[in-house]
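Residue numbering begins at 1 within each chain, and the chains themselves are lettered A, B, C and D in the order written.
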Amino acid sequence: MSAELEDIHEECGLFGVWGHPDAARLTYFGLHALQHRGQEGAGIVTNDHGRLIGHRGLGLLTQVFSDEQEFSRLSGEHAVGHVRYATAGSKSVDNIQPFLFRFHDGDVALCHNGNLTNCVSLRTELEDEGAIFRSDSDTEVLMHLIRRSSQSDFMGQLKESLNIVHGGFAYLLMTEHALIGALDPNGFRPLSLGRMTNGAYVLASETCALDTVGAQLVRNIGPGEIIIVDDSGYRIEQYTDKTQLAICSMEFIYFARPDSNIYGINVHSARKRMGKRLAQEHPVDADMVIGVPNSSLSAASGYAEESGLPNEMGLIKNQYVARTFIQPTQELREQGVRMKLSAVRGVVEGKKVAIIDDSIVRGTTSKRIVRLLREAGAAEVHMLISSPPLKYPCFYGIDISTTKELIAAKKSVDEMRDYIGADSLGFLSLDGLVDSIGMHEDAPYGGLCVAYFNGDYPTALDDYERDFLRSLTPDDRTRLTEYARETSRYADNEYRVQPAYGPTA
Amino acid sequence: MSAELEDIHEECGLFGVWGHPDAARLTYFGLHALQHRGQEGAGIVTNDHGRLIGHRGLGLLTQVFSDEQEFSRLSGEHAVGHVRYATAGSKSVDNIQPFLFRFHDGDVALCHNGNLTNCVSLRTELEDEGAIFRSDSDTEVLMHLIRRSSQSDFMGQLKESLNIVHGGFAYLLMTEHALIGALDPNGFRPLSLGRMTNGAYVLASETCALDTVGAQLVRNIGPGEIIIVDDSGYRIEQYTDKTQLAICSMEFIYFARPDSNIYGINVHSARKRMGKRLAQEHPVDADMVIGVPNSSLSAASGYAEESGLPNEMGLIKNQYVARTFIQPTQELREQGVRMKLSAVRGVVEGKKVAIIDDSIVRGTTSKRIVRLLREAGAAEVHMLISSPPLKYPCFYGIDISTTKELIAAKKSVDEMRDYIGADSLGFLSLDGLVDSIGMHEDAPYGGLCVAYFNGDYPTALDDYERDFLRSLTPDDRTRLTEYARETSRYADNEYRVQPAYGPTA
Amino acid sequence: MSAELEDIHEECGLFGVWGHPDAARLTYFGLHALQHRGQEGAGIVTNDHGRLIGHRGLGLLTQVFSDEQEFSRLSGEHAVGHVRYATAGSKSVDNIQPFLFRFHDGDVALCHNGNLTNCVSLRTELEDEGAIFRSDSDTEVLMHLIRRSSQSDFMGQLKESLNIVHGGFAYLLMTEHALIGALDPNGFRPLSLGRMTNGAYVLASETCALDTVGAQLVRNIGPGEIIIVDDSGYRIEQYTDKTQLAICSMEFIYFARPDSNIYGINVHSARKRMGKRLAQEHPVDADMVIGVPNSSLSAASGYAEESGLPNEMGLIKNQYVARTFIQPTQELREQGVRMKLSAVRGVVEGKKVAIIDDSIVRGTTSKRIVRLLREAGAAEVHMLISSPPLKYPCFYGIDISTTKELIAAKKSVDEMRDYIGADSLGFLSLDGLVDSIGMHEDAPYGGLCVAYFNGDYPTALDDYERDFLRSLTPDDRTRLTEYARETSRYADNEYRVQPAYGPTA
Amino acid sequence: MSAELEDIHEECGLFGVWGHPDAARLTYFGLHALQHRGQEGAGIVTNDHGRLIGHRGLGLLTQVFSDEQEFSRLSGEHAVGHVRYATAGSKSVDNIQPFLFRFHDGDVALCHNGNLTNCVSLRTELEDEGAIFRSDSDTEVLMHLIRRSSQSDFMGQLKESLNIVHGGFAYLLMTEHALIGALDPNGFRPLSLGRMTNGAYVLASETCALDTVGAQLVRNIGPGEIIIVDDSGYRIEQYTDKTQLAICSMEFIYFARPDSNIYGINVHSARKRMGKRLAQEHPVDADMVIGVPNSSLSAASGYAEESGLPNEMGLIKNQYVARTFIQPTQELREQGVRMKLSAVRGVVEGKKVAIIDDSIVRGTTSKRIVRLLREAGAAEVHMLISSPPLKYPCFYGIDISTTKELIAAKKSVDEMRDYIGADSLGFLSLDGLVDSIGMHEDAPYGGLCVAYFNGDYPTALDDYERDFLRSLTPDDRTRLTEYARETSRYADNEYRVQPAYGPTA
């Protein structure tokens, strides 16, 4: 985890397997490799000859599945699983996935990673037509659309429904007969297919989960694709041809595990390149480089190599930090009680340090880090960020829903530097970021979504549009309209028949 | 944690505070910084105007203290706390410390980090005189000696008792009137005194705990010293003058947190120097350096800087690995299911890698790491260890009680290299280790205990001596006798009136 | 609990309150008095100024609500609660009530006591129209009907829906604006309105819950009635005029607490009259009367008074019997290990005993009781049952869904006596039962449902009819047709336009 | 449980078995039958070929042993178990028994039912000699005495130790080689030996536990006896000849289960005789008799039979009352919220009721019962108590340690009647009690201890004597001296060389 980005959460990790005698256990280990994508709840549904069996709960995977006997109920050769980040207001087991739907004509399990832009309006509409939701989550909407579809078969119903939901989504479904994955038309979230030596197929949010279970990557699922795995193997179908890759750049910057590959690009290596580029863009006069543990260690190592400065361990993160019920009082905090991060006096005392972090959200953690280092005797503290300033919310599954909480939306770099108390502050440029990742797809920004940095959203914003437009300055609005015209994503996109914003919106 | 050393456990972390209005909470955060020293149990005893109140339990600190209401019972301005590693056979809450003894003439809390060499014989003797023990732990012996002492006051009783127990120990006691720390005559375990801005005194196993609670280091407790903290301040007394510093070198190599300072030496920096020296002693033809996370990252960074090779993240450790109830079956293991460590194919594929680890115990983890890297496509794997081969057991508190489990006790370096399957294998020399740590005290090995590497134990072995002698080869026995004569630790040491081994033993 | 009837379960207890500052706590204590109606799960939903807040879980009320802090979340002045018996296959928290439905136009809580006869067909039909159910329970059907109703207001929708569901039901609903209760057209389950001294209104399944919270009975809710409680007071509406009282006679025999009054009749007193009548119908030559604890103690006391025999405590029930995880092995059972009931040798040895129980279901418990008494030295054992033989299933909420498990459906009284090993066996007559309860309403059997004894069901059986008819002998079928004609319940009943069974069915 | 006596607690139930293949499970069920003797903690220690294995915890037996897997650790053919009532201040698992002591020369398990009169002085003395206690409980004292005894063998050590402890005790010990029971010289607590059909011997606090496990009573253990059960069978030894039976009369009145026999007398029958005698001593003009559930139902039935009045169920006890975390607020209590007991309006309204209870301690519960009945409409309430007024504390194991809490120590019968608000109040006479129980042993009061009623303690009071004497009026002191002379228990009793009180004390 990064320092600042700990407050930002991806919504979820997905794992599914078809055709393995120990499907639940395999799914458990697959989810274990994806635990960094969601720590608030977990669940597994297995398929035992057409009967679906589920278990889910609040907490880490190890807390939800703490009993071998209970676990052994999850029999069957096929399974889907989910780890979830739950937003504060909704810490109810009702929201934990996979959702298991039982119908007189067969059971279906469903789980989801992402966020729909038209969820609120779809849900209202469905409720007005008699639908009853069981949770606060977006995920259910798809199942209601499927069950109300006029198509005659499940695949037809699913495809029709996928064309109705907008935004960012990776879905994993399991029916009596098949394991199914589906990605939104921009492919915001990664989803990969692997194959085990025994022939079982595996679908996972990140390739690190394939590695963990010993599966070989077969291919990445692409924008607008559906993959169906059943006893006869797998096949890929396209539910829409209006697609354009815009994979979330935050996956590279922060979310994904460094050993994962996204579209063939290793995440650690991409981060190291960001660090090198940062060293070129923002050289500093320092005695050492320090990465904020754990997520900025790759970038720090790139910065150190490029700059020739030694890479030191000047900040330590307590590994046992999670889930502490006992909290320091305000008084103890003022006396200097610190739980998560410590600065290493023996390393930094009297030194000029270049501290590398992956991003600044509110700025409070950066401010704390600078203070920690100064209290430990650092002579100078230069803060270097391996991504551009975060200025805009994400509507596709990352929990930054408003610009209000983003310091870069309100302050200039100099103001931010003053706020956090650093001697200097530098951000990687947007071009630097795109080049460092190096996707080179034939799409804007090489196939990345960089909307949090520049506001250029790949889709219409639907239910969010009105509030977003209100939050913009006139200048910004003009600039974004320009962007929308330039990148003109897919011109006949029904999601974006009218530009998301601009004079005519 | 290191890879191989995860199987080796330190027995405990100590924390105490005298004179803070929120003593229990402060102790909680102090122990939190020491959690790496023991994860199987924890406890806190507070002193509320002379009444001692305790709570202890099995598990991590966060599990033992999971309830603010329960926590609030721990009132008072003074406290001692303990985190413990429990050996397999004794996972009973009865063994969790601090032990709270209630007597008609006042309560005493006691906790301990270390191991006594004459515990078994003392315990048998005490039982034969009517003593009843409540646990399997060494710790209680001291309290029985105190209560049976013929001295008239508590300090006299304590000093007399400390002269009867042998081996490695850091004790923390709390009575109605004082917080007391005591160290064995060799000072095997670190213990430091700090002072908070509000004047409260703090005793802790490592300085990182002082930093965590915002305390400034006052001094380290030395061999044979007793420190008494009470309402009038602190004072140091010496219960024996037969002392000689022999601090556990494993604290530098593996146990201590990198941000701790031991006798003024920063642990991270010492490890980095070990890595640099290792690069000088064992240069290899490689494309990159990879440290085994987390404990070998400092050494790897030293090796990389010295060698000029890039330092890469080629191995990833799952941060959520702890306390998994669901285990892979043998079949899944064979299919490649891996939970803890993953090799990063995108980094190592086709590359010659120099992998840095801090030690080899059984060799099984090293073997697994080499295989992981080869499966991920590494062209060559060179294993470099930042300490000498572990050949002898520890009798002072580290859980290596027999040479049988130590691969280096049975195999040559070449045999080990073949066993683990590496292309080459190198260990840091003993001189290299001693120089890198750089203690420079006027004592053998600069004031370090290096017995695990060369068998030169600073004390007589008491109850362990017979079995240890039997396990030696005649050559080894001759060599160790030589050592015993040379280093001749303190000649008139009653613990070692006769050399621990050798012709006359 | 009775001996034999422990295996038969009522499905649930309901409690609601409107207008009390401590609504959740009051509901907790109300449910506590109803705990005998369901021990497998419990829940409470409160209404805090229109926002509904819920908590539910598996286990006894004290297990579900074990934490004051958690409990304090349940703020608000209105509440509904539920205790539930869950059938074996469905021990999932998903089935625990009240169900809390959240809609964009307002939240609704719903709970239920009873069983619908047309649930399966309604559910299938609704699913085919796109409905998604969240549980296995009948209860949800009503909410789907309400949401799909063409009526314009909630009360209209509810009334329409209540006319679609058939069978036995007491519903409790809470919306933003009101607490609502509704009873089926036969009033199978009791539901009573009470008023507290502070003006709050309370609805409960039994009057013992009114007593427990200090509320005075206002009136019983009648067949086909809806009661609406809101800030302006309460009002009663009739959603159908095709009603006829047929309250479950098992409530009097076994389910209800002896201190409850049903339609003004005290349950203990009714049971005592059953015992007196039983003594008249089946006098025996015995030394003493023994009631099977706890539910048959009232009847035993009636039998003793009428017969002039002493009433002794010859059977003891262990009060701590609930929820034992450790079970006797078969071997221990054969060695005589007994957990629940013990016979008192000092009381029964050498004596002729008349043992009073409230019913015989499978006969296994009766057999065990007779053996217990004989082993304890009883000279003769006469078994007397204070209700008629149970021969037919219940389709309105009692868990006897098939005749297969009923010994009286397969054996004559003499055969049963031989099976259980008693010296004699007598049952109360149906007339005796009806007279003893003494309802005297202008309806068949004085307003009771006695279908388990004679097969005369007050409603059509809908989804159950086919299987039930198949299970009948031709004679029984003829007899039941006759009954159906005679009692001709309400002639124009759409549920029973055609008799439930008979030549033309 | 009785109403008033719920606040008074016996300290414990004992169960042991020697020679059964499923010893732990058998002990579990034996303890289950003794659960009424202690609900705050439980434990079992088994003996697997000389190795002792234990498990203990806070809560009901079913909570402590909730896991078959954990339970299966308790292997072996011999076992001892304990259920315990823990006094408020000491709810620590440290006090839960059996205590398991491990020595280098063998393990010993020890448990205890009773209270020592010289515990405090023995403990102080032992501590001054170096002993360390692990708990607050009396029980450990015996083990320290054993370990310090100058005798050469275990039995000699035990006998010597049993002659040093004074007061009321039933001990159960298990060594590698034997199961041992021991009773104090007055036999205050019951202890019985049974034999199973497979030859295993069983020791239990009450015969109901023998019945529960299918064992036949062999004999009761008598005052001053030790019973040793080992592989060769059982033998009885006498560790003192200064014995005189004084079995606790409260066992008959309240503690023991009605199906237990004590010295051959059935407890239910004894209670029924108390009720009959009470009817003779205190006839009242009433319409019905009501027993306070559950413990006074036997006495009520005796009263009803003797008086010819009907025995009604006018008070109902909620069976699910235990361990409620959520408590009514004071406001709810005033509004009439009641959890435990309900009065049955349908039974008592307009009637004159004779309410039978087994004792009055503080008077608060009696007062509440009277109020409940009046609120439910009772025309007159006559309170009749089936034992004499409780005026003196118990020093042998019942938790009435001071006269301060006893209403009868401070008020006359008329004053008590006014306090509780009854129309009349009557107590059984002491003679009536002794006659009704009918022990007829050749000892004062037929072999009963009735000290709580008349202050005539069978032993010297040791550590309690000073405070007790101070609490007496001069008249009482004179009277008690007279008693002490008259009953002159055993004249040469070293515990009572001087009368417990009186002019010369």
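Here is the rule we use: contacts are C-beta pairs under 8 Å (C-beta built on N, C-alpha and C of every residue); 3 or more make two chains touch, one makes a residue touch a chain.
According to UniProt, the chain labels map to these proteins: A, B, C, D = Amidophosphoribosyltransferase.
Remember, it's a predicted structure, so these values are computed and weren't measured experimentally.
Chain A and chain B carry the same sequence, and matching their CA atoms takes a turn of 180 degrees, rounded to a multiple of 5. Of all chains, the one whose Cα centroid sits at the greatest distance from that of chain B is C.
Look at where the CA atoms of chain A average out and do the same for chain B: the two points lie 39 Å apart.
Averaged Cα coordinates give chain B a centre that lies 64 Å from the centre of chain C. Between the Cα centres of chain B and chain D there is a gap of 51 Å. Shared interface positions of chain C, defined as residues touching 2 or more other chains, are absent. Taken chain by chain, the contacts form a single closed ring in which each chain touches exactly two others. Every pair of chains in contact is given here: A-B, A-C, B-D, C-D. Across the interface of their complex, chain D is touched by residues 93, 101-105, 123-124, 127, 129-134, 136, 140, 143-144, 147-148 of chain B. By the touch criterion given at the top, residues 1, 22, 25-26, 28-29, 32-33, 35-36, 39, 60-62, 65-68, 71, 196-198, 208, 211-215, 257-259, 261, 265-269, 272, 294, 297-298, 301, 304-305, 310-313, 316, 318-320, 322-326, 328-329, 331-332, 335-339, 342-347 of chain D touch chain C in their complex.
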